[in-house]
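In structure tokens below, several structures.
Below are two complexes that have subunit A in common, paired first with subunit B and then with subunit C.
Entry: the complex of A and B
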């Protein structure tokens, strides 16, 4: 990274930088606690650097304080700038930046629940992950909190935002839904059919994954990463492995890189096909839904014959992959070529159907400024004009050597999100074909015996978008693992996308955003 | 043997059992008690044109009040515990509970922690366990077959 950023921070704010540490493409700047808001605001608005994560770490034992990290992505330079502040245990609070950068909202509330550090001036200081029946002094990610603690249930009530007026009523939905989907609560305020307000209440599936990372061995942690969000297993596992490999300074063999790329794209294929099937189902286009579901199943069966797992699990490991997929190249190419033909037929029919167009055009519009403010990632962001893709902006695995387009649309409706996915299906097929044509013989894994103490970011573009891991290791164990699933960014967008739409269109809007509850709640 | 052949054999056997015991189709309510969503991927797959379990007399319903069986996934998170109990209580007797996936069986990789309950049977009685992470659709169909036999035994016991 150019030191331009550090220099301009110095020039703008004087001597606020306490410590500077550069490791590979990550620059860590520890700054004075009271200057974090203005520096983040400056980076975000002046340099247009997206804020991709905020997380805390309990380093009281080593450094006598908590640390909060604000991670900014510098897309053009394939670099990350991380602003750090130290927080003393005796005054466990920090200034909220949500009023300057809206996407900070949930991160700050997460830090409040998990570490007991209070974001001063936060516009919505309610609890997020710890429900109201959790005791108020339990902060699971603090080091002195034992993972096996069974907390008593206390009395408390969650207060929803109220919309009042003549003819306004509420529709509560969930956490157990009518369809086969994950649990979460939606509170609609409606007047007739149009939605006036939606409030989502999640974190029902909070399983304590980040705490669990700190309590298992690094090898086993790969399996845990695969289970953060089941249908994005590969993206999570690769992001985690890359973080560890970065800490170890290890280069994985080319064959492993290409294998990972193929797995990542197979995962994107079955996810996008499933999402298109879901949208077709929700607009009652049964014929299209059946076809898309059949194509998804074919990819899942291909996954099984290539890797032994329909969800491509158990393939990634620190240093490469665990199983050689050699000998299956022909099978993959054959399946992809028939998928390509069938899929293009299906898309032609789907987009030509007036009953589909009527339901998806202008529905669930997510405007570019809102998407940008909330840092919406992946296909949902690209359908609202946000031209970002981790595969291109921060290349990993074999993506640097492969050619692909990143489809970007502007209208931000369900139609655009469906089309972005449809275009990405063709790109994925082409990426796998390219990867197979460059597949060279060689090792599939490099042995990494010792993992040094250190920290690094690992990232991938999951089917849902940018997935981020920050791992800190110490004595061959994980000291802290921050997981940022794309859904954690995208969930709040649904509260805006549904406004002025009618309740019966909610399922389509929800499906088109393709959100993971488990990845969000962890 | 192809997936389709395996499926046809198991499906037909299951269909006969369901007809004998229920005289109608088996109604299932799926409950996610904190899974990672991989099990949901496979439950959804059961309804695709390849598996198409409706043809074997299995119907996934929208409410526990319509269900003969709960198909529960996930380790039962602290935040889902109450919702699971409410769903169980809303299901009419005689009812069956199938724990689907490693987490539902014993907590799986998430284990027994401050946030994860460590398996369904710590909270509600379970009739069958369908292991796997996630179980393949064929395994789920096999598990349903075992569960239906269990219901038969349950009814006989009551009558005797």
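Entry: the complex of A and C
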């Protein structure tokens, strides 16, 4: 990475940089604690660098300090700039940047709950992950918090935002929903049918996954990453493996890179088909839903034939893949070519149907500026004009060698989100075909015996969008593993997408954003 | 409307007769792991490798036993991978529903 950013920070703010450390495409700048806000603000607004994650780490054993990392993506240069601050254990607080960068909101509240570091000046300092029955001085990700700790329940209250006025009433939905889905609470304030305000509340099934990572061996951690968000298993496993491989300085064999690419695109295919089926269901277009579900099932059966698992699990490992998919090339190509025709037939019918158009056009609009402010990722972001795709901006696996388009639309409604997914289905089919045409013989795995102490980012474009892992290793164990699932960014978008819409359209808006509870409630 | 009808007729019936007619999982399917008592040396490699920790090795006066619960098994096949004597294999068996958790435990023993 060019040192343009570092130089310019030095020029603008003087001697605020305490330490500079470059490792591959990641530059870590440790800055004075009180200058973090202005530097982040400068990078975000002046260089237009998206803030892709904020996370803390408890490194008190080493130097008595907590660390907070602000990760900025420099898309054009395939690089990341990480602003780091030290927080002394004796004064566990830092200045909030949420009023400058709205997407910092949940990250800062997460740090507050998990590490007990207070974001001073945060516009909404309520708890996010630890519920009101959680004692006030217990911070699960601190190193002195034992994973086996059982805490007493305490009394407490959570206060929702209120909309008041004549004829305004509230509709509480969830956390237990009709249907076999995960829990989440939605509180609507409505006047008649139109929605005036929606407040969501999540983290009912927080599983402490980041703590679990610190307590298992690295080879087992791959399987844990696969289970962070069940239908984005490959994207999570690959992101985790890439972080470890980066730390080890290992290059995986070409055949492993191509296999990973094929698996990642098969995952995108069945997810997008499932999402399109869900949207069709929610607009009562039963014919389309049945066919899209049939196509999804065909891809899942293909997954099973290729990998032995419908959800493509158990394939990735540190250093490559565990199973050779050789001998199945013909089967994949044959299935994909029939899927291509079948799917395009279906999409023509779906988009030509007036009853579908009537329900999805202009519904659930997520305006471009709001999507940008919240850092909405994946197909939901691309349907709101955000031209970002990790596969193109930070190429990994075999994507650098393959040609593909990144569909971007601007209208930000359910229609746009459906079309982006539909377009991406063709891109995925083409990517798999290209990957198979370049599939060369060779090893599928490189053996990595020792994993040195170090840290690195691993990233993929999951079907739902940018997925980020930051892993720090020490003595062949995981010291810290920060997982940033795309849904952690996208959930807040629903509060804006539903405004001015009517309550009966909530299910399609929700479906079109395709949000994961499990990936969010980690 | 005509186009919808055409698509429906072209697709035909895709549902199968399962469970009235059994369906075989494809080759390489990651199903129920099976233990082979005649090959097992009770070395405990699978116990160490199992990510969810659902394989246990027990030793008492009578001998050694190895227990595997399908209840928490994630069908990753790590046990198969690390076994030095091919004593565990993932099979194509997938109908694992049972009424109790105990029914999901399989135990092999060797007397001293």
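Rule of thumb we're sticking to: the second predicted complex is superposed on the first by the 522 of 522 C-alpha atoms of A that agree within 3 Å, B and C clash if a C-alpha of one lies under 4 Å from a C-alpha of the other, contacts with A are read in each partner's own complex, and residues count from 1 in each chain.
Here, a contact is a pair of C-beta atoms (placed from the backbone, for glycine too) under 8 Å apart; a residue touches a chain by one contact, two chains touch by 3 or more.
Not measured: the values here are computed from a predicted model.
Engineer: Is the arrangement of subunit B and subunit C around the shared subunit A a clash or a fit after superposition?
Structural biologist: Result for subunit B and subunit C: clash.
Engineer: Is A:308 in contact with subunit B, with subunit C, with both, or with neither (first, second, both, neither)?
Structural biologist: second
Engineer: In the superposed arrangement, does subunit B or subunit C reach more residues of subunit A?
Structural biologist: B
Engineer: So, does A:454 touch the first partner subunit B, the second partner subunit C, both, or neither?
Structural biologist: A:454: touches no partner chain.
Engineer: Is A:345 in contact with subunit B, with subunit C, with both, or with neither (first, second, both, neither)?
Structural biologist: second
Engineer: With both complexes overlaid on chain A, does A:92 touch subunit B (first), subunit C (second), both or neither?
Structural biologist: Neither partner.
Engineer: Have a look at where A:253 lands relative to subunit B and subunit C in the superposition and call it first, second, both or neither.
Structural biologist: In the superposition, A:253 touches no partner, neither subunit B nor subunit C.
Engineer: Per the contact definition in the header, classify A:287: touching subunit B only (first), subunit C only (second), both, or neither.
Structural biologist: second
Engineer: Please work out whether A:151 is in contact with subunit B alone, subunit C alone, both, or neither, and reply first, second, both or neither.
Structural biologist: Touch status of A:151: first partner only.
Engineer: In the overlaid three-chain picture, which partner chain does A:300 touch, first (subunit B) or second (subunit C), both, or neither?
Structural biologist: A:300 contacts subunit B only, not subunit C.
Engineer: Is A:212 contacted by the first partner subunit B, the second partner subunit C, both or neither?
Structural biologist: first
Engineer: Going by the contact definition given at the top, which residues of subunit A touch subunit B in one complex and subunit C in the other?
Structural biologist: 220, 223-224, 227, 294, 304, 313
Engineer: Which bits of subunit B are touching subunit A when the two form their complex?
Structural biologist: 3, 30-45, 47-51, 60, 62-64, 74-75, 77-80, 83, 86-87, 108-116, 133-134, 136
Engineer: Considering the complex alone, what residue numbers of subunit A touch subunit B?
Structural biologist: Counting only subunit A, the residues touching subunit B are 131, 134, 138, 140, 145, 147-151, 175-176, 178-183, 203-209, 211-212, 220, 223-224, 227-231, 233, 274, 290, 293-294, 296-297, 300-301, 304, 310-311, 313, 516-519, 521.
Engineer: For a test of understanding, state which residues of subunit C touch subunit A in their complex under the given definition.
Structural biologist: Residue list for subunit C touching subunit A: 3-4, 7-8, 11, 14, 25-26, 28-30, 49, 51, 74-78, 81, 90.
Engineer: Could you list, by residue number, the parts of subunit A that touch subunit C in their complex?
Structural biologist: 216, 219-220, 223-224, 227, 287, 291, 294, 304-305, 307-309, 313-314, 322-323, 345-346, 349
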